[in-house]
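Going by the order they are written in, the chains are A, B, C and D; count residues from 1 in each one.
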Amino acid sequence: MALDKDGIAKRIAQELQDRFYVNLGIGIPTLVANYIPEGISVEFQSENGILGMGPFPFSGEEDADLINAGKQTITALNGAVYFDSATSFAMIRGKHVQLTVLGAMEVSENGDIANWKIPGKMVKGMGGAMDLVASAENIIVAMMHTNKKGESKLLKRCSLPLTGVACVKKIVTNLAVLEILPEGGFKLTERAPGVSVEEIQLATEGKLLVEGEIPEMNFN
Amino acid sequence: MIDKVVTNVHEALLGIEDGMTLMLGGFGLCGIPENSIAELVKKGVSNLTCISNNAGVDDFGLGLLLQQKQIKKMISSYVGENNEFERQMLSGELEVDLIPQGSLAERCRAGGTGIPAFFTPSGYGTEVADGKEVRVFNGKPHILENALTADFAIVKAWKGDVAGNLIFKATARNFNPMMAMAGKITIAEVEELVPVGKLDPNEIHTPGIFVQRIFQGLYFEKRIEQRTLRNK
Amino acid sequence: MIDKVVTNVHEALLGIEDGMTLMLGGFGLCGIPENSIAELVKKGVSNLTCISNNAGVDDFGLGLLLQQKQIKKMISSYVGENNEFERQMLSGELEVDLIPQGSLAERCRAGGTGIPAFFTPSGYGTEVADGKEVRVFNGKPHILENALTADFAIVKAWKGDVAGNLIFKATARNFNPMMAMAGKITIAEVEELVPVGKLDPNEIHTPGIFVQRIFQGLYFEKRIEQRTLRNK
Amino acid sequence: MALDKDGIAKRIAQELQDRFYVNLGIGIPTLVANYIPEGISVEFQSENGILGMGPFPFSGEEDADLINAGKQTITALNGAVYFDSATSFAMIRGKHVQLTVLGAMEVSENGDIANWKIPGKMVKGMGGAMDLVASAENIIVAMMHTNKKGESKLLKRCSLPLTGVACVKKIVTNLAVLEILPEGGFKLTERAPGVSVEEIQLATEGKLLVEGEIPEMNFN
């Protein structure tokens, strides 16, 4: 069965490593914070100016001056720190953040990503995404495998304006975990529970590489 | 000590004219100069170029200036959550220059810092790089970005003293410090205006040298854009 | 919270080897990492390239490393007040790269910030500009300066917490924050190491993300270079 | 009679204007702070990281963590602020400081300045001087008119390595006040009390422009 958004987040959370500073994008990536594996310490950065972001506040404790990059009210953990936007992107551009998780409209088999603009229709802007994908050593895309019309979002080439080129290393969708190979191509490494390689193949427009037996994701 | 206090928002905004370029601090509705935005609406200045990370929402923040068609051009990184903005942009009434958030912050800082241009990897290979010089450093392509400055920068601080020294609160800091540096004239509206000597010189975020005018804001709605809560 | 504490200066400096590039915070003898400098002498590592605004005095600060001939190259803006330094430099034993103080600060910041190069007017028309690209912006010539980074950056803070967040005191801040950003590994020695939660998140100068190791310094002589007084 | 160092400082202090932020170099320039004209507010910036620098401390009140760019112990006035070196030079390079006063070994008639190096002999480094002269709109050089050997320091061309090109606008020496004209040349505007135009001419190697009667400096 294909994963829901929380399932995708849960699988991505397994990629967190001890002592990682992590930037989570808006949408599915935000959910990753709910599934931090036990026994490791990670800290979340939000590019509007906080390191050590905590959970949402209890009712009555929200503070208009304390939000995340999704403009949601948040709290600050012990040891948190606030800073300005230039310092925030110093952390990102200077590679001090170890992992970036973000959503996408399209990813191509060479690691290009598009997630900020549909010409003539939707122009919200790139926000911090272009800085994040241009700089992070370790980028995971969290998204549904297909769009609302059922079309693949894993393409040979992106059709939408790019956010970054050759930067995505790993993708976790509702159907699969895939790595992008340096020479190009989506290498299938895990299937969502009960989802077949054929289903994944059918939902993938770009070059899918399937070697040997592909295990199911493990959620224990 | 050089006294920067002006008596009210009207006096603070004297000299802002049609066609000028303004920088306005804030991220979403967090840390925006509410008093000054209201005064800009009242003043009715138009054809403004506004440099601000976001464009407010339909009925608050810079959305108020958009409604009155006072803005000719926006320079921002993210402009979702604003239908009137999207309408004006898609119809071509509003010029929009979208730039990566980190580049926006750094370009404002550069403008205030006397750095006319710098190389960044952000936006390489995208339409942001169109017409910009590309150069490879350490095997990685970068693009050359220019500094941004403004006729007036308008920022909002939590506390400020008579000399213009500012302290921001939590994530309301965001773009305010860089914009304060980049304005030819920088105006600060503050929640609490205090005498000199009241702020610890070690805890100031924006030194007063960057601020030309400071005033006590009269009201701060501090609207929350996404009130998200957890259950007890 | 990510714990950065190491138990002592010896552990803090593990991995520093002959031939490496180090950044050391401080201006004159103000805000220098005294404990770490003493340990570098004890360690006896040599052929170091040291990036530091100054080179200490003959018997304190980086002067201690110079005496032991541990430094191959200095990258600084001002190296007066140090006879041994001047002797080694004029005799050619010591390589010296002198760069304008503002460019030094900005180049360190650039290194920590992922900006590989930027234009500055400082040094145009002087030997500092030799071999560097010149470009005119707004009618004024500027030179292109590259970012600086280091294998290790060693900084000294007043207070620091377990997560590596730092607060500096008065003018002992100087180069420490930029260097903290620019080290592949950044070591902070602090006068007072406190538990997380003890520092106000709004008052931190260097966020802990830039610091990989922090330790409680055992002694701080804090020598004054020019004790100047006025009469009561 | 030629001025002493305090006399030079006193004359330069007359150039201070209300609401000026001022950077004073090491040596004679530091003395300018002792002669601020009454009725104006100025603030002193020291490039090691303080704005609102006060007088030297009383004995017992000195603080190793609070110094100026000359490494002297100082105090901070009410309203002072501390900052890092990058921010300090943001103030300087970004033209937020209205006046810079610094010493020099040589100044040329087109406004070049040399003050940081004597090849093979003295190499202290430029410190912040290159940033200051490259950026300040308003630079006054404070120096003796001649060096210890009696040679002019106001030259056709500097013989020493430059600190900056075509940047000096005004010079105050022990003998005179001079402006550097855009087309080149030292325009004599004031004489030190009792010093003749001839004496000044004799001590000036570069092109000296003398138009009409040259008044004496006024110290009232």
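The rule is simple: a contact is a pair of C-beta atoms (placed from the backbone, for glycine too) under 8 Å apart; a residue touches a chain by one contact, two chains touch by 3 or more.
Since we're looking at a predicted model, the values are computed, not measured.
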Worksheet, complete the sentence: Hop count on the shortest chain-contact route linking chain A and chain D comes to 2
Worksheet item: Once you count every C-beta pair in contact for both, which comes out on top, A-B or B-D?
Response: A-B
Worksheet entry | Chain centre separation in whole Å, for chain D relative to chain C (CA means) | 28
Worksheet item: Whole-Å distance, chain A centre to chain C centre, using C-alpha means?
Response: 36
Practice prompt. Quick one: which residues in chain A touch 2 or more of the other chains?
Written response: 50, 76, 82-83, 86, 89, 92-93, 135
Worksheet item: What residues in chain B touch two or more of the other chains?
Response: 106, 109, 113-115, 120-121, 168-170, 201-202
Practice prompt. If you connect every pair of chains that touch, what shape comes out? Choose line, ring, star, complete or other.
Written response: other
Worksheet entry | Chain-to-chain touches, reported pairwise for every pair that qualifies | A-B, A-C, B-C, B-D, C-D
Worksheet item: Across the complex, what residues on chain A touch chain B?
Response: 46-50, 55-59, 62-74, 76, 82-86, 88-89, 92-93, 112, 116, 120-121, 123-131, 134-135, 161-166
Response to the item:
Touching chain D in the complex, chain B uses residues 1-3, 109, 111-115, 161-163, 165, 181, 196-197, 201-202, 204, 207-210
Worksheet, complete the sentence: chain C partner, complex, touching residues on chain A are 19, 21, 41-43, 45, 50-52, 76-83, 86-87, 89-97, 135
Worksheet item: Where on chain B is chain A touching in the complex?
Response: 27-31, 53, 76-81, 86, 89-90, 96, 98-106, 108-109, 120-128, 158, 168-178, 205, 222-232
Worksheet, complete the sentence: Touching chain B in the complex, chain C uses residues 106, 110, 113-121, 135, 137-138, 142, 167-170, 201-203
